[in-house]
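One chain, subunit A, links the two complexes that follow: it is found with subunit B in the first and with subunit C in the second.
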Partner chain A sequence: MENKDVVVSVKDLHVNFYNNNRCNRVLRGVSFDLKKRDIMCIVGESGCGKSVTANSIMGLLPELSRIESGSIDFYYQGRDIRIDRLKRKGKEMRELRGSGMAMIFQDPMTALNPVFTVGYQINEALMYHNQAKTKKEADQMAVQLLKDMGIPLPQQRVKEYPHQFSGGMCQRAMIAMAMSCRPKVLVADEPTTALDVTIQAQIFELMLELKNNNDTAILLITHDMGVVAELADRVAVMYMGNIVESGEARAILTRPAHPYTKALLDSIPVLGRGKGQKLEPIKGSTPDPYNRPKGCQFAPRCPYATKECETAMPGEQTIEEGHMCRCFHNLLKGEGI
Partner chain B sequence: MATYTLRKVLSLIPMMLFISFLIYLGIELMPGDAVDFLIPPDALATMSAEQLNAMRESLGLNDPFLVRYLKWLGGLLQGEFGYSIQSGVPVATLMKNHLPATIELTVTALVFSSVFGVLFGVLSALKKGSLIDQVFSLIGMAGVAIPQFLLGLICINAFALHLNILPAGGRMASAGQSFVERLPYLLMPALVLGFSLTAGVMRYARSSMLDSMGRDYMKTARAKGIPEWRVNLLHGLRTALTPVVVLIGFRLPMLIGGAVVIEEVFQWPGIGSLFVNAVRSQNTPLVMMIGFFSVLLVLISSIIVDIVTAFLDPRIKLS
Partner chain C sequence: MAENRKNAANDTLIRVRGLKTWYPIKKGLFKRTAGYVKAVDNVDLDVYKGEILGVVGESGCGKTTLGKSILQLIQPYEGQVIYGAGEEGRDLMQMNKQELNQMRSRMQIVFQDPYSSLNPAFTIFKSMQEPLIRFGMKSKRERKEKIAGLLQAVNLPAEYMERYPNEFSGGQRQRIGIARALSVSPEFIVCDEAVSALDVSIQAQVLKLLKELKERYHLTYMFITHDLSVVEYISDRIVVMYLGHIVEVADTEELFANTLHPYTKALLSAIPIADINKRRKRIPLQGDVPSPVNPPAGCPFHPRCPECREECRKEAPKPATLVKDGRAHIVCCHQVQAEIS
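Now for the complex of A and B:
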């Protein structure tokens, strides 16, 4: 272990999906480290592999998919666990899920089972990871968890069903469930996309608080740059199965090196700049995953592309301390970096 | 719940009145009347118009349609089911003699088809695309496609004539015989009927389970780290069960009239053959009574289905 604070280390991860006798190479060499108490954001367009990366860590990839190569190390209770080698539905993986690492999802209204009470669904996590010995103890803990999440009347609320909760409440209940065993890693897959903006802020505040209290590392998947600016310590920008740029949030947001990152930032309206601001949509659309460009995946849409870009995918280059970019023409070159 | 049930039961009354009137009207609209079927054709030729008219008069067939319907209704309200025009036997006695046989047959078939339908359907869903899924699909298709009478005859030929391990038909009177002794008679008709019913439940359970398995909450359950069997059988099956229960619930009316073909093939002395004969000979009191109970069972089943679904799915409110 190079760094004591690293909780999850993903190295050169390749994941393929197999569908109708075709192979979709969804992840094509993803590497990053997730550190204790860090919030790392993965951003990118739909279909670029953000969720797959998250699911790989949780061992929740769909049936017809496989980790082809690379490694995922999870440093937990003094051990180095190779998640990529564990059976997805096996006992070891199951014991990690929910206790060592937990996940919350995009749409809290559908992520809770409609036919069980919220309390019951929280209890399940507590009982299976031996956080509570008896049902009664679990019930009390569930009430306390809901209370910690700022849900009013928790005694009553645990006995209610998800459809009696609002979206924001459901997500709080989901977070309560995820945090019930004090995991080292929380994977949040677009946790606020389905919620009101005002609720969003509350949910993020809650996540921050929990992170600080429990030393949890958070892997936050989003395509909301506002969220990134607000929360992220580190950012990884993904495009077509690769991390094309990663680094400190501030560096990425203020001085993007990869044309794709720049394009993403240029396509977002900025509050307060008025109606006059010019939004630049990214030209074209993401390529068909079964018919990818030969070289750099972004080349066909990139204004800076040259012949070189069509021949090979550029490798990972450290352009400054902690700032990685995969581009032949990184935009900071001009600045002498 | 109690008020809901009470209100539903009360709403049955006007519905039953209306439907019984429709059945009565249906019989009325058929050509001929009971007397035509009461007398053998050769005897009919020798009888005079007065004689026939006197017979009609004595059976009350000369009254206007509405009067006859109201008389029947009045009798029903006093608990008087009337007499079979053909045999003169009280309808109540006929029902009492034939109903147990039919219920015995249909309950066995329903239980069989529900249990195995759900079991195989869930298994198919869990092993989607595997050999076992395809085999079950094939069997299910066969169950739907092969007519009951054909399958019945094939089974009689195989198990009764060639293998000689089961009786070809009939039913042992329930008095004095133990269930085990009577079982061989029940086995073949019940299984043939059950087989054709299984397919529907199976396909339904399979698609419902597949739908449930694709839901987000299944992933949440997995992310919690609970064992796979619990994810599938508790979170998956519990939600998948509701539509299946509705399907099974709406099969309850079969209890009375659902086995006509099978009863004919296996000489099963149930209500099915009684009903067919009664309709054929315009035996109004008998047709009315069997029809009345069938309809009542349909309506009661729908109330039961409502209550059970509200119990299974907390999102559904009885109102």
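Now for the complex of A and C:
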């Protein structure tokens, strides 16, 4: 263990999906460290591998997929656990899931089981991980958890079914469930995409509280740059299965080094910049994952691309302390870095 | 033009007065009407010619219902939707089916989901020729030429008309949807969450296209979205809705610079801004949007309002109009009204 604060360390992760006799190389060498009390955001367009990264950490990859190479280390209770080597449905993985690491899913309405009460579903995790000895105790804890999440009338609400909850309340119940065993790592896969902005703000307040009270490391997956600016300590920008740039949120948002990050930031309207703000759309669309460009994945859409970019994927370069970029023509080069 | 636009009837394209779209809730064996979902309740609104009118609000606040009610795609319960300026204005609600069908060539809609709004069994040509046949373009060659021109207008090659929807990406389909709406040369287009389903990089392409087309064909848009940063970018005027009511209407710059309604303030503060130097204080709203079946008495926003007063619980506020530099800023709030007078 190099750094005491690192909770999850992903190194050179390759994941392939096998569908219809074709192989989709979804992740092509993803590396990052997740530190204690850190909120790390993964941003990117749909299909870039954000969710697959999250699911590999949780051991929730679909059936026809395989971690080809690379490693995921989880430092938990003084041990170093290789998640990539654990059986996905094995006993060890089950013990980790929920207690050591927990996940919040994108769509709260479908992630909860409609035929069980919300209280029952929270109890399940508590009982399985021996947080509560008796059912009565679990019930009390579930009520307390819902109360902490700011759900009104929790005594009554635990006995209700998910369909009686609104979207925001379902998501809060999910967070209650995820936090019930005080995990070290919380993976949130687009937790607020399905919610309204006022509800989204409430959920973010909750997540920040949890981070501060429990020292939880949060891996937040989003496609909204606004969310990144608001919450993230560190950011990883993904494109077609690679992390193309990562670093401190402020550095990435104010001085992006990768042309893709810059293009992404230039293409979104920012509130408060007024009607006349200039939007620069990224030309073309993301390539077909079965028919990828040979070299740098962004080369066909990149205004800076040269011959070199078409032949090979650039390696990881550290351009300044804690700021990594995969590009031959990183935009900070001119500044003497 | 800006000075006298407020009262200039010549500039209004659509006048909505007292529009109510209530969905009945049927109960029991005989489908007795047990109550109404008041999706749009008592809305007054003017749409001016050549403007982009943004409509924002949380889900379930009646944005889409308002758009569809104006186009008569949903039959409103009561009210007036007067299309046309001054003397020529005609109430769409009073028209019979034939007259209404004729009016359809003047107003069109672009739907939210580009995956379900194109028939998967039809080629693009087949999907797009229907409105043309409907409005009397008999010759197939003529139709082909027209569609080729339309596809080019939305930056797609004309050959694409022989393809099926499954061969296109979301952004391309949305552009086909826009081309289809344009095919009958409308004056007024309702864009119902037209960019919400698209990825950010594609969103910018479609937004830019919509702006260009507006200039080229002198269109008027009603742009419905929940994304305030998009609305700020594209609209001239913004309508904020809450629970079926309009709570604030103002020019874009005015609304952002001088926000009056407490709901708009909270909504603006809740939006994450993609600019790290602009972190500000949020005004947290408690709880969820109440059910439109049982809206709260008085001001619809009072249970969540941080500035709620006694009268807000009892009486619904009336719209108050502030005039600043000749432009109207309409707001529905007791607190604001008290401050003005």
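We adopt the following convention: the second predicted complex is superposed on the first by the 337 of 337 C-alpha atoms of A that agree within 3 Å, B and C clash if a C-alpha of one lies under 4 Å from a C-alpha of the other, contacts with A are read in each partner's own complex, and residues count from 1 in each chain.
Please note the rule applied: a residue touches a chain if its C-beta (ideal position, glycine included) is under 8 Å from a C-beta of that chain, and two chains touch if they have at least 3 such contacts.
Note that the coordinates shown come from a computational prediction; the quantities given were computed from them, not determined experimentally.
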Subunit B versus subunit C on the shared subunit A, clash or fit?
fit
Winner by number of subunit A residues touched, once subunit B and subunit C are compared:
C
Vertex subunit A, arms to subunit B and subunit C (CA centres, degrees, nearest 10):
70
Contact-wise, after the overlay, does A:Asp38 reach subunit B, subunit C, both or neither (first, second, both, neither)?
neither
Once the structures are superposed on A, label A:Arg94 by its partner contacts, choosing first (subunit B), second (subunit C), both or neither.
first
Per the contact definition in the header, classify A:Leu279: touching subunit B only (first), subunit C only (second), both, or neither.
second
With both complexes superposed on chain A, which partner does A:Tyr128 reach: first (subunit B), second (subunit C), both or neither?
first
Touch check for A:Glu190: first (subunit B), second (subunit C), both, or neither?
neither
On the A-aligned overlay, A:Asp139 touches which partner chain: subunit B = first, subunit C = second, or both, or neither?
neither
CA minimum distance (subunit B, subunit C), superposed complexes, angstrom
6
Show which residues of subunit A both subunit B and subunit C reach, each in its own complex.
none
In the complex, go through subunit A and note every residue touching subunit B.
58, 60, 89, 94-99, 102-103, 105, 107, 110-116, 121, 124-125, 128-129, 161, 163, 174, 177-178
Subunit A-touching residues of subunit B, taken from the complex the two chains share
215-217, 219-228, 235, 238-239, 312-315
Which subunit C residues qualify as touching subunit A in the complex?
58-59, 169, 171-172, 199-205, 207-208, 226, 228-230, 232-236, 252-253, 256, 266-279, 282, 284-285, 287-289
Seen from subunit A, its contact residues with subunit C in the complex are 45-46, 152, 166, 168-169, 196-202, 204-205, 223-231, 249-250, 253-254, 263-265, 267-275, 277, 279-282, 285-286
